[in-house]
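All chains are identified by letter, namely A, B and C, in their written order; residue positions are counted from 1 within each chain.
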Amino acid sequence: MSDAPVMAGIMRDRILNLLKEGKRIDGRGFEDYRDVEIKTNVIEKAEGSAWVRLGETRVLVGIKVDVGEPFPDLPDRGVMTTNVELVPLASPTFEPGPPDENAIELARIVDRGIRESQAVELEKLVIVPGKLVRVIFIDVHVLDHDGNLIDATGLGAMAALLTARIPKLEYNGETGELVRLDEYEPLPVRHVPLPVTFAKIGGNMVVDPSLDEERVMESRITVTFDETGHVSAVQKGEGGSFKLEEVMYAVDTAMRKSSELREMLLSSVDRGLP
Amino acid sequence: MKVKRVEAMMGRPEGLKLIDENGKRLDGRKKYELRRIDMEVGVLKNADGSAYVEWGKNKILAAVYGPREIHPKHLQRPDMAVLRVRYNMAPFSVEERKKPGPDRRSVEISKVIRGALEPALLLEMFPRTVIDVFIEVLQADAGTRVAGITAASLALADAGVPMRDLVAACAAGKIDGEIVLDLNKDEDNYGEADVPVAIMPLKNDITLLQMDGYLTRDELLEAVKLAIKGAKAVYQKQREALKEKYLQIAQEVAGNE
Amino acid sequence: MKKGSIFVKPRELVVPGTLLVQGPFKNGRGTFREGNRIYSTVVGLVEIRGDLVRVIPLEGPYMPEVGDNVLGKIVDVRFSNWVVDIGAPYEASLRVQDATEERIDIMKTDLRRIFDIGDVIYAKIKAYNEVNQIDLTTKGMPFKGGPLRGGQLVTITPSKVPRVIGKGGSMINMIKRLTNTRIIVGQNGWVWVSGRNGELERLAIEAILKVDRESHTQGLTDRVKEFLLEKLRELKERGVITELPKIDEGKEGGGNDGKT
């Protein structure tokens, strides 16, 4: 919003006028996602990976797995971190350098959704309690920005987690030796939380905003549901405001849309619910 | 790093009850009771506007500079003022020393606070300028972002920055399976969810809404509604605090006569 | 009064977002309109005159208006102009041709000999355009527009300038007469105070800051007079002044020394 380049006034007017007639600039209904395409295991060097196209938005998510120390206050849990890079090739508005506030917010929304639903069974990733655990890095590379990076990233992260295969480890308690076996196992995943994002434009709520829509939106809200009907993250973003009824609409619609997305995701990774 | 909820389950003392059989919480509050909140406006000399808020054990100072010239120049907007928000925690504000400077959490919080304040400001009155809002958390005890928004809104009004409405904020959350108002640190640590909300009370516009935790749809909406109620109580205190600065002078003057 | 509802009392202290009136009113400064309702945007005092609703802010930045006389500080000297800080959100500019009647060859003249960095000038706002460029002029201004020598600069909230000047200059005249000082009150809330006696100069400043702080209270003029007389009696006891100035109301005094 604040860092978007100036938008042509006629485009703004067109988007707003169409919404008044109940239409969107690209012909979608208010609750329609753009076309979604998911490919997994696209990066051989990564333990898990997924390429997601949402309309013209493209993100690539890689999962790398390492071994490290647990957090002192969480001795019985593996470690998971999420990082997003908005690389300059994806948009004229992205600058090289350390993650800016947009990258950080995006990573943290997606991270919260996964973490708070305990989607990854971190307790199964402990090698020596308090000493040695698996460390899961979810790294997101945005490749092309055409709006709604949050949902694209959420889909990509879950697709990569669901298809990741991690090497089995053998730990020798006496010698302290850790041997990496040539056998692989899936990453333990118990839930599939997915974010659903809405833009508020001229008082209308539309799902999965495109970049043009994001440029004219007053505000944004994301609700992350898992398959158990629990919400694991909510985030109102940018300026503007929502009425309570609009929040309720977003929550109920997100519940519905996330289950549609989940069905599509699971069939594309060739898996049922965990 | 955000590991709160799991941490909570791990670190939670054996048999700890966040709500006792009489419905009282650890600090003696009832389910829908706010912590004690004190506000003071105009506490700093240099800043164009300032406010200090004590909210439970939270101690928060907010200052506003501007509208003023923006540097570097390319950041300016030809049609409106730019609002910049920096939320910062002092190293000594928490149990274990926090490394100075912005971490990922404070970058995100600064961003959502900006989004919470922006709709209340008539930024179009000051093209090509910047309004800087600085929020310093001197002591933190859960709910620093809602206390920070509350303080920042007071500081903006104190600076005379034109506003459509004040912004008032409050959080609700879930502890021991129940939705309660305004979690303190222990409740946040050992609880199941935290839902910070900011509103412009005049028309019930929600300008900040986040949820960190695990809730059903109904629980989420219950928490949002409860937080809005809390924010309205906070709003009444904000109005009083803004008037207090001047009423005090008036009283003092009257008393001298 | 036309039809409509008024929800506040005159001079009531309000905060941003307070509903003031509903109906056929005009909204002035410190307010915004939505439909037929008018709300306050600032902390301030309500003023309703005829159908015009305003809120006089108790804090806030100086917003320049063409014709305002302001005090400013030179912060930069460029090729053909000076950059001037007038306490507004934007820097102001004084061009050579607006500073003096003389023809100046800018190739041969060091502009710093006219106004140097740090100099305090007294100028009029000549233009304030849509790209927020503020142009000043010092031509025809008292004190030749400056630089002002001696004295002190204090700042008050710009919205309180009328209060410091008082009706027909009553407040500022009283302060000047009782403290034997020269005072210029810029519309931007910058005030220049100069007196031969340092203690009296300081007293004048105290009085001005008192008006600034207590502007929203009643009976201010009398209170400031009492305050000044009491302080003057103290100064006399201490031998700083030999006699108390006479208080003959309504006599000249000259008003704001910066009056054009």
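The definition used in the following text is that contacts are C-beta pairs under 8 Å (C-beta built on N, C-alpha and C of every residue); 3 or more make two chains touch, one makes a residue touch a chain.
The structure displayed is predicted, hence computed values, not measured ones.
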Any chain in contact with chain A as well as chain C: B
Farthest-lying chain, centroid of Cα atoms versus that of chain B: C
Averaged-CA centre spacing for the pair chain C and chain A, given as whole angstrom: 55
Whole-Å gap separating chain B and chain C, where each centre is the average of the chain's CA atoms: 35
Chain A-chain B separation of Cα centroids, rounded to whole Å: 27
Per-residue multi-chain contacts in chain B, two or more chains: 200
In the complex, chain C residues that touch chain B: 13, 15-17, 19, 30, 32, 39, 41-43, 57-61, 89-91, 131-132, 157, 159, 213-214, 216-217, 219, 223
Chain A contact footprint on chain B (complex, rising order): 1-3, 5-7, 10-11, 82, 104-105, 107-108, 110-112, 114-115, 118-119, 193, 195, 200, 204-217, 220-221, 224-225, 228
List of chain B residues in touch with chain C within their complex: 48-49, 66-69, 78, 120, 122, 126-129, 157-166, 200-202, 238-239, 242-243, 246-247, 249-250, 253-254, 256-257
Residues of chain A defined as touching chain B within the complex: 2, 71, 73-77, 81, 99, 101-102, 104-105, 107-108, 111-112, 115-118, 122, 219, 221, 229-244, 247-248, 251-252, 255
